[in-house]
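Take a look at the structures below.
In the two complexes that follow, chain A is the common piece, with chain B as its partner first and chain C second.
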Partner chain A sequence: MAKKPEKKPEFETPVLGDYTEVPAVTPGSMDHSQPFVAKAAINEAIGFPGELVDNWQEVAVTKLGELVDNSRALRVYLDSCVKCGACTDKCHYFLGTGDPNNMPVARQDLLRSVYRRHYTVAGKYLPKLVGAKDLDEEMLDKWYKYFHQCSQCRRCSVYCPYGIDTAEVSMAAREIMDTIGKGQKYCNEIIGKVHKLGNNLGLPEPALADTLEGLEEDVEEEINVKVKFPLDVKGAEVMLVTPSADFFAEPHIDGLIGYGKVFHQAGISWTLSSHASEAANFGLFIGSVDNMKQVAVRIREAALELGVKRIVFGECGHAWRVAYSFLNTLAGPFDFLDSRYPVPQHIIEVTHDLMEQGRLKLDKSANDDKRVTFHDSCNVARASRMGNKPGGQLTLPRDVIKASCNHFFDMPRDTIGEGTFCCGGGGGLLTDDLLELRVKGAKPRMQALKDVHEQHQVTHMAAICAICKSQFSKVLPYYGFEMDQIISVHQLVGDALVFSADA
Partner chain B sequence: MMSAMLYLSLVVLVLGVGRKIYQYATTPAPLKIPTTPAPTTRAGVVWRMAREVVFFDSLFKASKPTWIFSWLFHAGMLVALLCHLRYFTDPVWGWVALLAPFSKFAGLAMLVGLIGLLARRVVVDRVRAISAPSDFLMLFLILGIAASGLLMRFFWHTDIVAVKQFAQGLLSFQFASLPGSFVLFMHLILVAILLLIFPFSKLLHAPGLFFSPSRNQVDNPRERQHNPSLSGHGKKA
Partner chain C sequence: MSNSIEVNGKELATDEEGYLENLADWEPGVANVMAEIDDCELTDNHWEVINFLREYYEEYQIAPAVRVLTKAIGKKLGKEYGNGKYLYELYPYGPAKQACKYAGLPKPTGCV
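So, the complex of A and B:
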């Protein structure tokens, strides 16, 4: 099993023990971790000052006040924490690093202490007593480091007695930092590419068309069926919006092939759009509603232009959060679409419906070489839904997997479902300048995987998120697994679909 | 003097918390952010909130020791508070009289809960790391209130008839003097301090919970457009 990472890392990969293990508090253990700061052109392209503005303290404090005035969540969360400690052992980055600033409450406190200092009576007059602090250079430095060690996965919010969601706090902090000119390179560069070209990869229309054509040839060669991967087809029934990683990356592309096969067998006409060739919406990660809305509106525009009846999203975690929870709010109403289907729909919902209607012919034994577990992606599990019932986002993907393979085993209960662990690369942290954080943050998931590997000889972990797939491909080898043990759910579906009749 | 102090703290409490509730209610919640799986109906949300308020559902999932200590403390405090109604009602309401025999257990539950929470704050390295001085002071303050109350219940009995006259006087603005008991004096002073700091401290978690969007929002963003003004596409299409 052991396949060593190509380069020797400058940090030690955690040793996998029991999945409930909680580390001792180790102050400063991740104090060196921070992502590259964005250059001026990158920040300016998405509406922020290029470099740290002169009066940044003043601007930041004012912005903080504005954000609190405009977000009930932020206001309630900043006031309500009682420091009970319920969240302290819930964050995968704390569990992987032991750094106390990675305890959700401590991460929130980096911002809360500044809020208290400037916007509360107690913090103005008795700062020491209530732990209120000024926003000085040292604090800004901490903000930049530790608000980029939160993947906004919301696991802490499940366990908080008041539902305090650190994701909201870290989004606010990132937006404040963007407002004063201290943006993160990875996220801001990507958002700029989407505004310009429609996808995170910066892939222009001709290149995308080329790729899809090649994909059609590959699939036909393999299964001798003309599965189409259409682009910009007006009047198609379905517009599929999928993470651009699906066009290139492994194992993502096998998921895309799976969606294509499902549509093909069900006889649903569909198309991708070059204008909205990206499901991901990194505007969420930086807490910028403006940017998030701009990206979301592209999808509306594309749907109108192509005259489609339905919008379906491919496998992507936070994209599904933005799609499910925010698309209607940011770019709706979608009353020009077919009202018999929810807007938008997840590809898992589409496949699940087709399975229930008996419109897909599946041979589970095609996946008999695999013993499969399912990684619930954080943003799907805790920030969205599928189907009509609460929790459908947890049951539907499992139904689809179980209909596509014979050997399925869940990981330990408190590591899946609403308590699922983030892969370690979500929330705009999927960048190599944060590799150590990503490897260490994956520890809880790796422990759970090791558990089902030992108990049930699980060989593959399926996921429905482009970030999860990229992250696991990268970090699995650090823990002695193979990079190709992570697969797309729709790869299982695609491989199980039987096409004998129409070959 | 004590009457004035209590009036003042009550006014600060009502105005301060009232202002906060107004703020929470009027601050916009631009996006749908319930922590899912979440109820898809208003009734479902009421049930979710009720479980949260009465049983501390989320805390139960998070940590059993914190949950049991915290629940003992809060439940004990609720019963103890209700038992205090006997000083303010005349004749004493029937159900308050029925509750009276439980008041000492309520006080003890508070004490056990508070000591447990304090121990956790000291013993667990993670909780110690996040504690500010005010977090300890708050526990000591409420411990002081509970302990002084229990001392009067079990050891230094105070003149309850006189206390009732004092309480009635507060309600009717006909001030009676307080029995000369140091423990009673401390009990009331600490209560006054608690009421005073309520609107400026983490005690705001009490009203806060009811306004927490991750808990009180209905999960129906596809079915109903939340906050249509944000999209601005309402009229077109």
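So, the complex of A and C:
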């Protein structure tokens, strides 16, 4: 019998208190939360078995062995935890839900206990003594639930005295689950779309061209300047690779308009590519190097095809991690690009450089209707760099914002910078089937926002990540804010740029 | 057990979130039935959005950007309606998602 599509389950939005508040432990409170499992066609399209394979336990344990053999880091993360508890109150999902399995140590232990059972001497012979467990159906069920309640933001790792990286553990668990045919619909469907159409949205070239043409009209109507949003222009100096959300969603598209205005005013020729019309690389979220590679190679192919000299990334958090840390390994060498510029470069770096050179004319008062704070995106803050000084990934975006508006206020110190709280939707969790988790996981950031709202009357929060922007537009109203209080950093820049009449 | 909705005596397959599995199954009754499930009553202005989405999809095989949609609605209904806020009043679950669903289009994916 067919069933009607169910209505979304009701849940209570957490009440905002003091931002440091640690909740009482409520076991099992998020045991019902899990994302849709991908159908066979989706898994198969990205190289995984369609459905749970018959001998899944055996395949999973073998895969785990391969992973620890291939990654010394992962083995160290699994071996070295001493259960000190420093991470327990650092995860936004724990702080928002109180579910003890969302303490990073407990989440890791779901995988660690299986590793112990099969890959340590003590676990093989005396499993009970060392907390070693079999990978049975119940354990797989917990893996699927709780490794999809980790946004791989790595905040816990900052406070871990051993530097254990929970994101790596989560990625490994998801990779193992994909290998046995239990993939997550949201991530895997999206990766398939990138392979097929070049972007997460599934936006074909004619639609992209139409959208960009519309943008040119809008901007000209608004500021009376012919700012171009070029597509597939051979011989341009810069190829901009940006999240496809920048072509589709609000407030993302205002950021895209900002990039266009910056290039226009600086006189830099640039182009977007329909072949690489996506900065995001969800291969990272599922721990699949093969998929990451396939997605990254599109960027190389597009750059060669268009004959550009520089590759610049738009506002996308995890994309910048992949670009900054792995692009060369995945799709390099990029020796055909202009070596005077970073390969690749972030749009914030481009704008920052131009500001330092005095090549942008800005009127900060254009943003006087806003009092602004900045949300550091996890992957930018903790897994990348910008500029040539340590911590540039934290200071450059703030410099750019401060050069574009008069009223800037940071949120409390332990909620920003390298200790930044995830938006609650990162790591492949930005899907409606995880809405409760997303709302609850946003609590720490919402508390910090409330704090600067009360103390400094902050009206807007700027971000440089497509996921953060979509997540906040969705969850802000749950906490009594307006959805349009989240904005793109380059919207501030674009609005502050002054164009003379003859520009 | 698969998901489906019943429209004019026909059982139409949907995905887990209620989006039609087959675009070709769409008929106006689909939007009415889906709206009923959401306790939403479709007015002429709701239909303007649905019709535009379907036209755009037919041409481009994708839903329009939110900005393209607001502009089109502003042209059809008047400037005061051409903004995100009005579209959210019509479709509180988000114009891109809820209206796409009623129009029989696939759900927009990605960081949106």
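One rule holds in what follows: the second predicted complex is superposed on the first by the 492 of 503 C-alpha atoms of A that agree within 3 Å, B and C clash if a C-alpha of one lies under 4 Å from a C-alpha of the other, contacts with A are read in each partner's own complex, and residues count from 1 in each chain.
Assume a contact is a pair of C-beta atoms (placed from the backbone, for glycine too) under 8 Å apart; a residue touches a chain by one contact, two chains touch by 3 or more.
As the structure is a computational prediction, the values presented were derived from the model and not from experiment.
Asker: Hey, is it chain B or chain C that touches more of chain A?
Answerer: For chain A, the partner with the higher number of touched residues is B.
Asker: Name the contact category of A:A236: first (chain B only), second (chain C only), both, or neither.
Answerer: Neither chain B nor chain C is touched by A:A236.
Asker: Could you tell me if A:C153 is touching chain B, chain C, both of them or neither one (first, second, both, neither)?
Answerer: Neither partner.
Asker: Would you check which partner chain A:E189 touches, where first means chain B only, second means chain C only, and both and neither mean what they say?
Answerer: After superposing on A, A:E189 lies in contact with chain C but is clear of chain B.
Asker: Answer with first, second, both or neither: which of chain B and chain C does A:N199 touch in the superposed model?
Answerer: Touch partner of A:N199: chain C, not chain B.
Asker: After lining up the shared chain so the two structures overlap, which partner does A:L67 touch, if you call chain B first and chain C second: first, second, both or neither?
Answerer: neither
Asker: Report for A:K293: first if it touches chain B alone, second if chain C alone, otherwise both or neither.
Answerer: The first partner, chain B, only.
Asker: So, A:P161: does it touch chain B (first), chain C (second), both, or neither?
Answerer: First partner only, chain B.
Asker: Going by the contact definition given at the top, which residues of chain A touch chain B in one complex and chain C in the other?
Answerer: The answer is that chain A has no such residue.
Asker: Considering the complex alone, what residue numbers of chain A touch chain B?
Answerer: Going through chain A, the ones touching chain B are 22, 24-25, 27, 68-73, 75-77, 79-90, 100, 103, 105-106, 109, 120-122, 128-131, 154, 157-165, 168, 289, 293, 300, 304, 324-326, 328-336, 342-344, 381-385, 388-391, 393-394, 418-419.
Asker: Provide the residue numbers of chain A that touch chain C in the complex, in ascending order.
Answerer: Result: residues 1-5, 7, 36, 185-186, 189-190, 193, 199-204, 206-207, 210-211, 214-215, 218, 243-245, 247-250, 252-253, 280, 316, 430, 432-433, 466-467, 469-470, 474, 483-484 of chain A touch chain C.
Asker: Quick check: in the complex, which residue numbers of chain B touch chain A?
Answerer: Touch list, chain B to chain A: 20, 23-24, 27-33, 35-40, 44, 52, 56, 58-59, 61-63, 66, 70, 117, 120-121, 124-127, 129-135, 137, 197, 200-202, 204-205, 208-209, 211-215, 219, 221-223, 225-228, 230-231, 233-234, 237.
Asker: In the complex, go through chain C and note every residue touching chain A.
Answerer: 1-5, 11, 14, 16-18, 37-38, 59-62, 64-68, 71, 84, 88, 94, 96-97, 106, 108-112
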